[in-house]
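Take this structure first; my questions come after.
Lettered A, B, C and D in written order, each chain numbered from 1.
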């Protein structure tokens, strides 16, 4: 365990930024936070979390896959892939760190997605324990410990100091580079901090939400329930929940004709959109109810079925805060039988 | 990095032959620019064909894996990509990636069994690769029955091949039918599901179905009615696909991805899936 | 603090359900927290009593839901409309988007709705409960023992700060008192932008629009966006693009969207309310409204059913597009 | 003329009945106007959807001009009156977003006004050249 005074944070950032692009949450005019590249003068945000999740770093909203040029009947395929640069993401919360595991299960299983894989290899994650969780937080439901975030390096912040613990080789290496700015310490302060966090976690309004009712193999139990009508009744069919979600990974592949070649790019897509499954001969999900059901069934039943019981939700609470009509996974879980422990 | 295989990046292919099968179905022969087969596949598997700027779409590979020289795709004109392909001429380059999906279990489940293939319209396309595979390794399988129906005589896919090759094979019975009577047609007239019931097959065989959803639905009911077990009936599904490798989430039905876990499903497996296909 | 209560509305709804005037009720349903409210259909008294809410966070404009719900629901739907919602209601009627006969509209007065984001900037994250206490909100957080008292006037949503009308322009029945059209300052922000140099304006919008994640929430919540198939969802339109790429797509989307609703936008403010990235989209719509007021005379979309919007009308004496800028220069 | 070699790309939407004929007349009369002006013939100036204008900019146009019949002379009676209102609103919006107002223009050019067509184009191109490349509504993907 290493520690350093918060006054020295700028030096720490500068040291990290020497060798890799450093991204950290920064406040915007409207009060929300966003990950920005650090440069001298950048101020680290105090916000609990960013509106957009850090999945962008590994799975950006839009990225070029390849380029084509055509002449007559001939096509040339141009592989535009390049090795990702080294980068460090600072201040990732426990829930978002967990979301990378979930994305890994999708993109790093055979056949490996090399676009995602390259960025994953070159990224170092410095996580940060939550000192002031929001009422929308429910990471505990998914077995995530907000006081003990994973990542290459875990960090804890107190009023005056910041503590680092390396969890991986990559993290060790980075922390060693910071040795001049940090000093060794025992974990008593961090343990105090953890206890404090856990005390708050036990006060959160959603603390009793459980996943007991859900999991693989329960498709038929939930699929035809009439409550889907009620739950999806006023869903607007926008993509806000999917786009702010750290674990939603559906994408579309599209071609863009630039006038001097065709770029094939991939971009986020949302199962909430009416054209998600539309094909030439029809659409197998015709109403919003079916699309809505797909999203939640995927997170609570289908994904765990294929991934050793792992749910594809991390309880970050972004959809709770951002849905235009305040319909969200918590309401769905409670309605479908996510009985509380009370 | 660039030497890493990326499944989303396709290979080049060239259309070396275009055969007009029916008014709205053409069969395209595709090889790599140096004249080889783009990749090996198993019967029932699919490939992603694309034309830059138009789009990419999944098609079943119609030719048999035993064909070492080229691949064929029978494609019905029904959307952007297929419209474009139907205008393409010999020599046109396209892109191709694959193979994707689960093949038919030709080497284990099918081995030694009598086989019944039932197809409607362009649904013969995915079955043609299995049928020709089984004909190639004729001694591995029992009796083969093929029931194929279409709207009219002109809409029968691969008619020449059916008449000249399939029908003449020993132990292969071909039963053709068209929906409505037509001049110059002396074969059976009627819908496939009814024809199957009329023919009344011995239930001790494996059935493979492919065709429009409505045909599959009624034929399946018919087969079950005459005593077939769902565990002995196979069919293929089709949904919108983008990546082909179970990541983009589009063809997700229940916990299955049609591109990865399908397109071939056993009918009792289908019953486990939510009715969203 | 709203002048009418949840109980009054439930009573009205129950009575209308009981005498068969309506078969269901479109209302606000309570959520996990005191501030989160979901639109929902209520079919009977039990459902209403269990879940119906009305408080300072009931901002959702129900008008758009009528397009889909009137087609599904047998019998009449009871809908509660705040004054600003009635403008959207009329505008949709003008465009023949739903059957007036299938709706029973009850106008309700509105004292302005609160924006929870503004509440959080005052008391911080971690709201445990909110009590509606007279003119104030008593907000208890997970971190302080004593509740923070916040005046509702300090946390009004932007659109309510600049409320343009407390008068209902459509209803079958009114609960409470009728208000008046208000002289608002809603164009002040637009004027501020107009007074900037083009470079400053560009920088401003570049910063705002680059945050867009193309979630389409603005479009899907907008009561003026009721196309069966949006041009941005249609692969055959040539402009279908799902993602903000290269800082052009999102500009295109927002300019075209604002233009498409120009003259039809009632300035209900739903677009800005639902934007997850807090982009001030209402400033685009208000620019169109302000321009058209100046160029072609005052016009309020939805003020009356059947009125002709400025962009589908003309006079032979209209100003030339080039003169638009001269006017701007004169103003500056 | 300008010393630098910068050649702008100008898209001119010309109505079939007046302005396109006006352009034709300019050509017949051997009147010079810059070759950078690419004319797109439209049935009426009111056929021009705001999307066309934005897409022209996306695809590399540096200026977009719409030419139609003089108000009152529209072949379809009232098309250009609508154009007038729409473009007034749209151009004002583009200006509001900080896009240089000199990049967009509407001119009424009749079939008899070959000289006006040439003069308008010369003037428009000159103004756009003074502004330089369109950077504010560009799509980098479309740049070589």
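One rule holds in what follows: a contact is a pair of C-beta atoms (placed from the backbone, for glycine too) under 8 Å apart; a residue touches a chain by one contact, two chains touch by 3 or more.
Everything numeric in this text was worked out from a predicted model, so none of it was measured.
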item: Most central chain, judged by mean C-alpha position against the global CA mean; value: A
item: Furthest chain, CA centroid comparison against chain C; value: B
item: Chain centre separation in whole Å, for chain C relative to chain A (CA means); value: 30
item: Whole-Å gap separating chain B and chain C, where each centre is the average of the chain's CA atoms; value: 51
item: Centre distance in Å when chain A and chain B are each reduced to the mean of their C-alpha atoms; value: 40
item: For chain A paired with chain D, centre-to-centre distance based on mean C-alpha positions, whole Å; value: 46
item: Multi-partner residues of chain C (at least 2 other chains); value: 235, 245
item: Residue list for chain A, restricted to those that touch at least two other chains; value: 252, 256, 269
item: Shared-contact residues (touching 2 or more other chains) in chain B; value: 80
item: Residue ranges of chain D touching chain A (in the complex, touch as defined); value: 59-60, 141-142, 144
item: Chain D-facing residues of chain C, complex; value: 190, 193-194, 198-206, 231, 238-239, 245-246, 248-249, 251-252, 255-256, 258-259, 262, 284, 287-288, 291-292, 295-296, 310-316, 318-325, 328
item: Residues on chain D engaged by chain C in the complex (per definition of touch); value: 50-51, 54-55, 58, 71-72, 78, 81-82, 84-101, 104-106, 136-141
item: For the chain A and chain D complex, residues of the former touching the latter; value: 256, 258-260, 263
item: In the complex with chain B, residue positions of chain A that touch it; value: 65-66, 68, 70, 73-75, 77, 79, 81-83, 106-107, 111, 113-115, 118, 216, 219-220, 223-224, 249-253, 255, 257, 262, 264, 266, 269, 271, 276-281, 284-285, 290, 294, 297-298, 301-302, 305-306
